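Here's a structure for you.
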Amino acid sequence: MIDVLYFAWVRERIGLPRERVETSAATVAELVAELASREDRYAAAFADLRSLRVALDQQLADFSAPLDGVREVAFFPPMTGG
Amino acid sequence: MIDVLYFAWVRERIGLPRERVETSAATVAELVAELASREDRYAAAFADLRSLRVALDQQLADFSAPLDGVREVAFFPPMTGG
Amino acid sequence: MQVRVQAEPFDYGAECAGFGDGGRDVGAVVTFLGVVRDDSGQLARMEIEHYPGMTEKAIAAIAEEARARWSLADVLVVHRHGALMPGEPIMMVATAARHRVAAFEAAEFLMDYLKSRAPFWKKEIGPDGAAWVAAKDDDEDALARW
Amino acid sequence: MQVRVQAEPFDYGAECAGFGDGGRDVGAVVTFLGVVRDDSGQLARMEIEHYPGMTEKAIAAIAEEARARWSLADVLVVHRHGALMPGEPIMMVATAARHRVAAFEAAEFLMDYLKSRAPFWKKEIGPDGAAWVAAKDDDEDALARW
């Protein structure tokens, strides 16, 4: 089980801020493929990975990163702070 | 007649902050030559023009600048504000 | 070093007054203040979402990198989240260093990294609804110089 | 635009608090504060001489150039002269612009020009007497980038 968090328009498209996901995905990319195949709202949120960022246990990561030992995955658009 | 002002170590070497000078010098360089020939303290102050700056009527200028119409000449070291 | 992420407004003048008594080797203090801009005159408010937990860690890591790289005597980052009105302060950074070049560079480094590497997302609410502010390529490019 | 040359201390926090209400198109404010540094712990005081009349004109010209070049909504320069103690504020600049890059660049431009083009001269008084602060080649070189 892994905590998956969504922020900004990713959260709005999927319609929830976080969920617990049962998965055997080995990488972020595999998790994305699983989620995107669930429902249209997920497919829409994950349609263009270039417009998405991912953090693993609150550290920015790549979509190719392994999920081994990770407890929290977050998906969000490019950041616009400052 | 022209007002000649001195600042910082130029003022200290010459020993006064300003004086009125009767001169027929056509340029700053000619005025410097006149002043430097007066006394040792002037010669010491004007020994190295690369370490001096000049302003004509409160605008930075070159030593080659003409004195025509100028009322106030100031000599000082490179500035160290800020 | 101080990092604060908060919904409450902050007092820019008071933060400036309280910053940079970093000892006798401080010669230069630089501050940056970001304000909600409303060019069109149509902005009702801005809403800033963030990622609690990660936000503080990401900012602290950026601030620590700046402190070490420019030998800062002190560094401050304050960033708000939640609803903000036009003209309200969004965030500020402050740096204290021996010389001006270090203080300026460190403040610009902090801003460039906070823009693109701290998990905040801005949404603008106007008469035609709400829109997420898009990240600019410029902001990503700005990181290349560090 | 405000330029002040004064012997009296100024209140950095209050100046920051009062600056940059430049209207709804201000998104970024940058301030720089210069402080009397005392690395050695031996500085009794600093004395700043200036050229009354020229100083104000030179600073106003530099500030106006910055305002025009970076489309600043507001700009402030305060510079002290006379005797200053270690840790005391010497001078400050503040810039208000739409975007952060303009506010930073304008503040750095102001500092670079004030260093080398405004008629101030610093003297340090310590246990071994007084010495004029020498201009640095770096400071002259810094002008080349503008």
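When the chains are written out, they are named A, B, C and D in that same order, and each has its own residue count from 1.
Here, a residue touches a chain if its C-beta (ideal position, glycine included) is under 8 Å from a C-beta of that chain, and two chains touch if they have at least 3 such contacts.
Keep in mind the model is a prediction, meaning the values are calculated, not measured.
Chains touching both subunit A and subunit D: C.
For this pair, subunit A with subunit B, the centres built from the Cα atoms lie 71 Å apart. A separation of 26 Å divides the Cα centre of subunit B from that of subunit D. Distance between chain centres (mean CA atoms), subunit B to subunit C: 48 Å. In subunit D, the residues touching two or more other chains are 34, 100, 111.
Across the assembly, subunit B contributes 82 as residues in contact with two or more other chains. Looking at which chains touch one another, you get A-C, B-D, C-D. Residues 34, 48-51, 53-54, 57-58, 79, 90-91, 111, 114-123, 132-135, 139-140 of subunit D are the ones touching subunit B in the complex. Residues 11-14, 16-18, 20-21, 24-39, 41, 86-87, 98, 100, 103-104, 107-108, 111 of subunit C touch subunit D in their complex. On subunit B, the positions that touch subunit D within their shared complex are 5, 7-9, 11, 55, 58-60, 74, 76-82.
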